[in-house]
Amino acid sequence: MEGNVELLNRLEEARRKRLLEIWEVFKSNRVALIALAIVTVTVALSIAGPHIAPRDPYDFDLSRARKPPSPEYPLGLDEMGRDILSRLIVGARYTVGISVFSVVLGASVGSLLGLISGYKGGLWDAVIQRVNDILLAFPTILLAIALVAFIGQGVHSLVVAIAISSMPIYVRLVRASVLQVVVEDYVVAAKLLGLSSWRVMLKHVLPNAISPAIVQATYHMGLAILIASALGFLGLGVPPPTPEWGAMIGSGRTYLFSSPHIVLFPGLAIAITIISFNILGDTLRDALDPRSRALLRRF
Amino acid sequence: MKLVDVKKYFPLGFRIFGAGKYVRAVDGVSLDVYSGEFLALVGESGCGKSTLGRIMAGLIKPDSGHVLYRGVDLFKSLRDRSVRHKIQAVFQNPDSSLNPRMMVFDTLSEAILAKKPGLSRREVAEEALGLLKVVGLSEDHLFKYPGELSGGEKQRVAIARALAVEPEVLIADEIVSALDVSVRAHVLNTLIDIMEKFRLTVVFITHDIGLVWALADRVAVMYLGKIVEEGPVEEVLSNPLHPYTKMLLASSPSAKLVGMRVDERFKARGEPPSPIDPPKGCRFVTRCPIADKQCHIVEPKLERIGERKVACLKV
Amino acid sequence: MSRLLEVENLKVYYYLPQGVVKAVDDVSFTLDKGEILGVAGESGSGKSTLALALAGLIRPPGRIVSGRILFNGLDLTKLSEGEWRKIRGKRISLIFQDPNTYLNPVYATGFQVAEVYEAHRGGRIARYMDLVKDLFRKVKIADPERRVYSYPHQMSGGMKQRVLISMAIAEKPDLIIADEPTSALDVTIQAEIIELLRNIIKETGSTLIIISHDLALLLEIANRIMIMYAGKVVEVGNADEIARDPLHPYTRMLLETLRYERKKRLRAIPGSIPSLINPPSGCRFHPRCPARLPHCDRIEPKPLWEKGRVVACHLYGG
């Protein structure tokens, strides 16, 4: 029996090693580490924003409007005289929150539907695919606008609207991936064991089919920010004076050439965040792929 | 196991109201599988042996005909897990046989728990170790991921997984065809050992006549969805009756080396016709050196001749 | 019997991050005109690398490290790519294993064969189509007039392999190298293709090197057989003689694995194929050899003449 205790220990060790290997992939890639750091900072800001901001992001004073960056206001003041730095910090929770939640929601529901569609086939597949096609037929922004108009304005409806309009891609992606995975012999073996459909779907098919969805999701988060800003620009997004980054660009664009800092800083913030999410997604996909890890291991 | 006139056609393209073209993968196969025997199912690509194997494993439902297991309709009783476990299978491609995200231990424990759900972690580990030993792998393999295993090792794990649920029948579909020649013998010898140890019935699907000679008790030769000859290996391979069997033997380099009967008149010629539109009469007419007018009209049925069955008008 | 090919102490190594893979390590043999030489070996024996070297297709990270390949007196190891292009397809041609990967799916097969003519004679492909029809006839493709315009996906595996063969014989080369030409085919189709190759060689007088892991197949078609193991030549000689009286223990064990016996366990060679980065010291086969002598793990055996054959084994004084 002694041998068996050791066995279980070795098992734990092997699992830990596996997790460490995922971390190794990140560590070896400097760019990925930077991306991870940026994303972490952004997420932290989303949570702790209001407590960190040096000034009140809503406090406006037209007399000092559009002042360029100075030691007192490191990023300058916007067109209403509000501190851009503070608005950026507090606004993180809106921009990042909206994009992350909406994409996670849309991707999860979409992936699940894609899984069912691809695995069960038949009537399930037909129905899900046709509904999906209808959703896909609408241009994303138009769909989001329609949904917001339907549900009502506000951050929550924005999240739902973007989630629903981004869902169809995941259904398609995951379904295609599932169709390939489902013919692999280990899935057949699981069926031979008499496991329930759900068990096979969730334990064997989904983990091996989800990779393209993960990459898509990280790209999508960038897209979601843009959609939120577009809606904000149209007056359907977050209500002003919420310091959502996209909205900041929208309201400051009149002064693009006279006071570029008003648009520049939120623009940079969006760009850096989007790029970081993308890099994170790519690295995550590589890290989670046991095949590419096997390649790395051999070196 | 008893297969009675099993048919499986795969549709091509759009099928509106049953019209359209079909690939006749399995076209009326009746076959008995006896307990404890090593039955070889041999044929070339497109003959339907893999499809037949999957039907026997309960994975594909035939379009017509019955599959009986111990006298009971197989497809009706598969919902019962204990029946499901009785027939297991291992397939050809080692890279696809194991879930790349699961450790060998996880793969095996899932199978073990499927059979014995109440076991403790320790007991599962013990059984997993036992299974690995039976297939000739060591404790170290438990902690590896499929990406770290060689083709032969992956196939062995697949066999161990199949054994975990204590099957009575193992369908081995070209299990060594994708492995290096040097590794094949090792894996197959393992198969022989476990067959003896666990009193398994093995249905061995292959295109390699040499392996049939070495390993099998009985053989069924398939061509274009039908069985053309069937019987004890000694008889069929040292005295083949069906022209296609003779052609197979005349084409296999190992046949001559080993004592199977090679008749140069039945040298390989022609190509197999399409399984979508098989020729009228006997399907082998397009390549048969002794086919006559009758063969183009009448489709031969499997007839009993002594210990075996042959489907040929000229016999 | 005139000498067509002389390979002297050829070494082809691959320089990988993990180390140096000594794929072909001091290989020497000769080939006379009109012969069929079968090169046998398991994976990792170096036989495919040898084929590539003979066709001038070794690319980085691989390199011909040393040795000579004399083809009708011309040293192939010293040729430039431009010079190789005049030889490949014209005087030395290749037949590969998987016709699916070696035929371009978007062009008609006839056009692809005609490309061989276009490459060596110039002009437009269209005017060689008649020659291609003749070629298709020669390789026994049914209905050649139409088939030259068929696409690969419209052809069966056996037919595609015939197309590859027709490409190889188009310019009537002196040497044809076939690397596992039938491994991807069904056994009855394989038999036909081998028969076809045999007849074509007889007709055209070309010389054939056929590489395969299937020793039984080689024993059928080849005049002489060369057995390779872990980058080295282990035994070379007349096919029938080797089959009757194998000298090298590895050859003997390989032949044993073919001797299937009714209801008996399969014969296997114990152990596994060694790493080519770190091959065993002395004789590469010594860890698996039942006839091992005490010095086999220190000294590499040199190839020697024995009973009309070349053997590299200490049992015979190597």
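For this structure, a couple of remarks:
Residue numbering begins at 1 within each chain, and the chains themselves are lettered A, B and C in the order written.
We take it that a contact is a pair of C-beta atoms (placed from the backbone, for glycine too) under 8 Å apart; a residue touches a chain by one contact, two chains touch by 3 or more.
For clarity, every value in this text was computed on a predicted model and none was experimentally measured.
A comparison of C-alpha centroids places B closest to the centre of the full protein. The most distant chain from chain A is C, comparing centres defined as mean Cα coordinates.
If each chain is reduced to the centroid of its CA atoms, chain B and chain C end up 32 Å from each other.
With centres taken as mean Cα positions, chain C sits 54 Å from chain A.
The geometric centre of chain A is 48 Å away from that of chain B, both derived from CA atoms.
Of all residues in chain A, those touching chain B in their complex are 1, 4, 7-8, 10-11, 13-15, 18, 184-186, 188-195, 203-204, 207-208, 290-291, 293-294, 297. Interface residues of chain B facing chain C in the complex, by the touch rule stated above, are 44-45, 180-186, 188-189, 192, 207-211, 213-215, 217, 233-234, 247-248, 250-254, 256-258, 267-269, 271. Interface residues of chain C, counted against chain B in their complex, comprise 42-43, 156-159, 186-192, 195, 213-214, 216-217, 219-220, 257-269, 272-273. Taken in their complex, chain B has these residues touching chain A: 57, 59, 81, 84-85, 87-89, 91, 93, 96-101, 103, 105, 107, 110-111, 114, 121-122, 125-126, 129, 139, 142-143, 145-148, 158, 161-162, 165.
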